[in-house]
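Look for chain A in each of the two complexes below; its partner is chain B in the first and chain C in the second.
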Partner chain A sequence: MEANQVAVFAVLIVFAIDAALLASLIILKGIHRQRSLHQRQRRAGYMTLLAHHLTYPESTEPIGRKTAADPAFLDAIIDLRNAVAGTEIDTLAGIIGRYGMIGAQARRLRSRFPLGRRLRAAVALAELGDESSADVLMEFLDDTEPEIRIQCARGLGRMKWTPAIDAIVDRFNVETPWVRSRFTHTLAGFGARATWPLIAYIRVNHRFESAGPAAAIRSLGVIGDTQAGPSLIQILEEATDPEIEIAAIEVLGVVGGPLALQTLIETFESDDWRMRAKAATAIGEIGDPVAVSVLATGLEDNDWWVRRNSAAALARLPGGKWALYDALTSKDPFAQDAAAEALADSGELIAARHRDQTGTATARDLALLAHMTPEHDMAKT
Partner chain B sequence: MSLEIIKWVGYGTIAYFAVMQAYLTLLAVMSGSVLRRNHHTSRFGRVQEMLSSDTSPPVSIIIPAYNEAMGIVDSVRSMSIVGYPRFEMVVINDGSTDDTLDRLIGAFEMERVQIPYRPDLETAPIRGIYRGRGTVDITVIDKQNGGRADALNAGINVARYPYALCTDADVILDAGCLVNAMQRVVEDREHTIAVGGNIRPLNGSKVELGHLVEASVPRRLVPRMQVLEYVRTFLASRPAWARMGALPLISGAFGIWKRSAVLAVGGFTNGHMGEDMDLTMRMHRYHIDNDIPYRMVYEPGAVIWTEVPETIRVLRRQRIRWHRGLMTAVKDFMPMTFNPRYGKLGMVTWAGMFLFEYVAPIVEFAGWFFVPLAWAFGALNTTAMVMLLAIAFGMGLMNSLVALMLDESYGYFNSAADTSRLVTMAMIENFGFRQITVVWRIRALFGGRKVKRWGNMERRGVTNLAGRP
Partner chain C sequence: MTRPIRILVADDAETITTLLMTSLELKGYAVTTARNGVEAHELGMTQPFDLVILDQLMPGLSGLEVIRKWHEQEMNIPVIMLSGVDDEKTVVDSLDLGAVDFVRKPFHLPELMARIRQRLRALEIELAADSEDRSNGSGATADNQDAAQ
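This part shows the complex of A and B:
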């Protein structure tokens, strides 16, 4: 074949591909438009049909197998499932069961369909939250596709399927950070039921793992169950991994209560500024005025974050604001800055201005106002 | 002998474009597989879960502003309601000569505060820091003029949160933009140091109160050509680069940066015309040279809308500025080009940048002379020349069509008229537009090195675009 013939052949191939792409683009556009239009229309029709069934549970108006197999019908069911309550949920569950919708989605999940369709099935099962799908969702908690694992856990969380807690927690060590973060969110949905499985997991693993136990500790923070306090105190005292220590400090602020105060005060004297900064915030969250004098020392810390967090924590504690006002006259300009900012953030600056304008300003107000004048030297650090 | 040289230069030029288009088409196909997977995984559940999660990492939104009085308040308001659990806004007034600062102070109940300013990155002197006392968590830094990079560095200094979204004052963030981008951070918080977003031209779309109501393709040719360019760049190249772990650029209009990583490399380079590309490449170099595991990712679902030049005059200025930025970056990072130590970044993407961005205008410009010359002297076979040109054109068209198909999955342009305008554009851009951009890039090559601190761009403000063609 001559060179010219090769070139002509190549041109023909390139333009044939171009023509095919153009045709595909036109067809794709048409399909998208039609599909979205029809789907919207069908979905609206199904919503009306389902609303009728919810209003008249004994209705004999047929739904039909073909309708039940329509993705738009599934979308309508999911929308309603998230909007109704009480006996209406039972009516919907009856429709879901009667037409084998769970079984159909489970088959899709088990099939070799492309990822999109399997994922859609997992989402549908998670959204429907029907307990008959719990076994399937448990089975796919170790699917090779992370997004499917996430959806399965989410579904189990939605139906508060307690046996799933251990299965989800056990996967913390092997999951990617993204999946772990989603699992954390799911576990929080179980509420206090997940507290002890999480604590058991942390106790066993915190000496050997970092990311998993830290995620589990944060789950406890989101759950907010104070029963976790004593165990977390112990974990904080034993831990050597900074990530676990930081997570434990953060969460003790939420669930630790007064029992955690002493441990947090000791942590506040750590050499690591991150621990001191986190401990300051946690102490502030516990809210015990006993800690005012301890936090006041944090205003003169070498690290900006520790000063900032100590000041913010003081602003929350009963009597803490007086310590902040005292710091305005401190010899340490960094302590002054941290205190003034925290006072301004807590509304004291606006109040001081108001009192200044009405002639009732106190010496403390004037000290704060003096500190906040624009002429004050700003870039000290 | 000289005829022989002219002949082979002519053939070489044409072959060069065929290879370039083949490279771009390969990238487009690879991007297609990335986007397909991304499309499946991102449309189910993720956004709502992130929005309601207490574990989502907080973000500082950094907005440098220079003489943006016309649209700054609407921009900030529009960004302040971007769906995300926890974020702060830091606006830097970079020595504006209009009333940008006064408008911000008035709109957001701002008052001057004395927060300790840590100059981790060196910047022009700070004149004052203001904090909003209203419902929006906003801090404004008023500083002397120092340029965009300098303003961003000041914002990084003040940012409280571990991740900083560096953006512009004239962009509109799509509703799920931040949450979509941050999910990539949550995927691997330890190693993710930057996330890039998908930038789309706003011209021609309907905007109300700082929010995009309906996207459509502009009727004017200049912005329409840019719509096609942006679709090609952000959907047919970047996903593939990101997949290879070798993204050479996180665009300045939307980039989420890990604050500690930015500080480690010394922040944005002041006075650099392509400060975004410079920072991206320095971060690659720093992490590879020090054997620190990292990842820079691209999230096509993080969509932001920005106004692009409407006239040839403004477009010319912008393209010259961009190409000078690219030239500086290519020279600065020349040791990384074709350097296997930098893996796919050195061997594929940065090499591609050098071959098909930096060198392309020179080759194309040379081709304009050598190809007709060789043909006129009978050194080029007419049929072969026409066929090779046709292949180059056909592959260029293929690249654009693949990009438009990928764009279909996002469904921003719903009407058939929009699609037909873009397809027409893909066909005609090779006849005129392409050549004029080559002239601009050649101009950038031989022009001065004068650095303009802020690129001039005639804007109408994000609230004033409604109903425009």
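This part shows the complex of A and C:
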């Protein structure tokens, strides 16, 4: 055979293989679409059947083991469980228990593969939120697959299974940031019940670890329990890791209250610009007008973020607005800029323009308007 | 024979429409469903309903927008608003626009059914009286009155 004929033959072979693969893909896609359609139709039918049981909870109409084993039936139960409240959940729990659905999903989760099947089982157990699955979910908090761990934690959070709090918090040190963030979300669902386990974890670990305790501190911020304030103040005073300090400063703005103000004011004098910037924001969140004079000094900081955050905090504090107006006449042009931006962001610029148009502008309004004109920017350059 | 009470259930979640349709039909109501606000609005304009169960958040038109449009056309259909949004403003806006009740999701099915029965009690009594009159040979019926409207 000549070389040309060989080349043509090779191209034809490749073309034939591609065509066969494409045809297989189209056929498989069609099969999948049909299966999905049938599953949706079955699910709709099961929804009607379950609605009948919810309307007449005393109904003894059998459901059938084959029906109960159908994934579409499980989907229907999960959807209904999320839509109703009260005794209907007990009715659904009765159906779930009667047909051993938790056990079936637990067996799938315990199987070694495929991963998709195990993950679907974890999601189903999480969604069902049935306390009989708590032991299984606790067992698989240590699973090798991160998404399975996330779903197990989520399920335990949905049923407010408090023994899981310590187990989830203990994993903060070994988890990736993504998993930790999902655990944080789960712990927020437990509310104040998670506060003290988190504080205990932080106290023990903040001298040896960084990421885990920082994530735990942020969890306290999401939970928002003010009981965490005094402990976080102490942790901030003891901590030497900047990540932990930054996290503590952030969260003290949320849960610290007036008790945290003095510590945050001291942090405002840190050599680290990140601490000063975060402290400015936290002080603003606490909202005590006592801090106005401290934040006013932040307008002249040599770091942009500190100036910006100080100005933003002043705009929120009672009486802080006047400190910003005073800064418009400061000798420091950067302080002027920070003050003007914060005043503009808080709506003062629009109000000043309106007063100027109606002839009722004050000296402060004119100072702000003058600062925000293009001519002023050109004069600076 | 009494005509069935006609209820429109409008919700983009199939779970809710199926659950409510099944429960209401089992109790003898005639149920029509809509999957979005536009469909709900059109059905309300073209067919007579005794009660509407309307979801607040739907694609197309929201529940509030549907009620507002009906009011603009002077269609005063009793509406029970369903909402997953736990927001005082939504409750107040719904009731101000004329909704007769507001139920938060996830809802307690027996409670929702009780609220529906309570809203329809007067109509059920009227329909039963009309049916009795007809069987005794009297002329006026609720259907005739609906047609006159």
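Please note the rule applied: the second predicted complex is superposed on the first by the 355 of 381 C-alpha atoms of A that agree within 3 Å, B and C clash if a C-alpha of one lies under 4 Å from a C-alpha of the other, contacts with A are read in each partner's own complex, and residues count from 1 in each chain.
Throughout what follows, a residue touches a chain if its C-beta (ideal position, glycine included) is under 8 Å from a C-beta of that chain, and two chains touch if they have at least 3 such contacts.
Since we're looking at a predicted model, the values are computed, not measured.
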- Message: With both complexes superposed on chain A, which partner does A:Pro177 reach: first (chain B), second (chain C), both or neither?
- Response: first
- Is A:Leu21 in contact with chain B, with chain C, with both, or with neither (first, second, both, neither)? first
- Check the residue A:Ala338 against both partner chains and state whether it touches chain B (first), chain C (second), both, or neither. first
- Message: Between chain C and chain B, which one touches more residues of chain A when both complexes sit on the common chain A?
- Response: B
- Task: Could you look at A:Ala51 and tell me whether it touches chain B, chain C, both or neither (first, second, both, neither)?
- Result: second
- Between chain B (first) and chain C (second), which, if any, makes contact with A:Ala85: first, second, both or neither? second
- Message: Give me the intersection of chain A's contacts with chain B and its contacts with chain C, in residue numbers.
- Response: none
- Residues of chain B that touch chain A when the two form their complex: 37, 39-41, 44-45, 49, 52-55, 111-119, 126, 128-129, 131, 133, 183, 186-190, 381, 383-384, 387-388, 390-391, 394-395, 397-398, 401-402, 404-405, 408, 411, 414, 416, 419, 423
- Note on the structure: chain C residues touching chain A in their complex are 13-16, 18-19, 21-23, 26-27, 105-111, 113
- Given the complex, residues on chain A that touch chain C span 44, 47-48, 51-52, 54-56, 79-80, 82-88
- Message: So in the complex, the part of chain A that touches chain B is made up of which residues?
- Response: 3-4, 7-8, 10-11, 14-15, 17-18, 21-22, 24-26, 28-29, 32-33, 36, 115-116, 119-120, 122-123, 126, 147, 150-151, 154, 176-178, 181-182, 184-185, 188, 211, 218, 221-222, 304, 307, 334, 337-338, 340-341, 344-345, 349-350, 371-372, 374, 376, 378-381
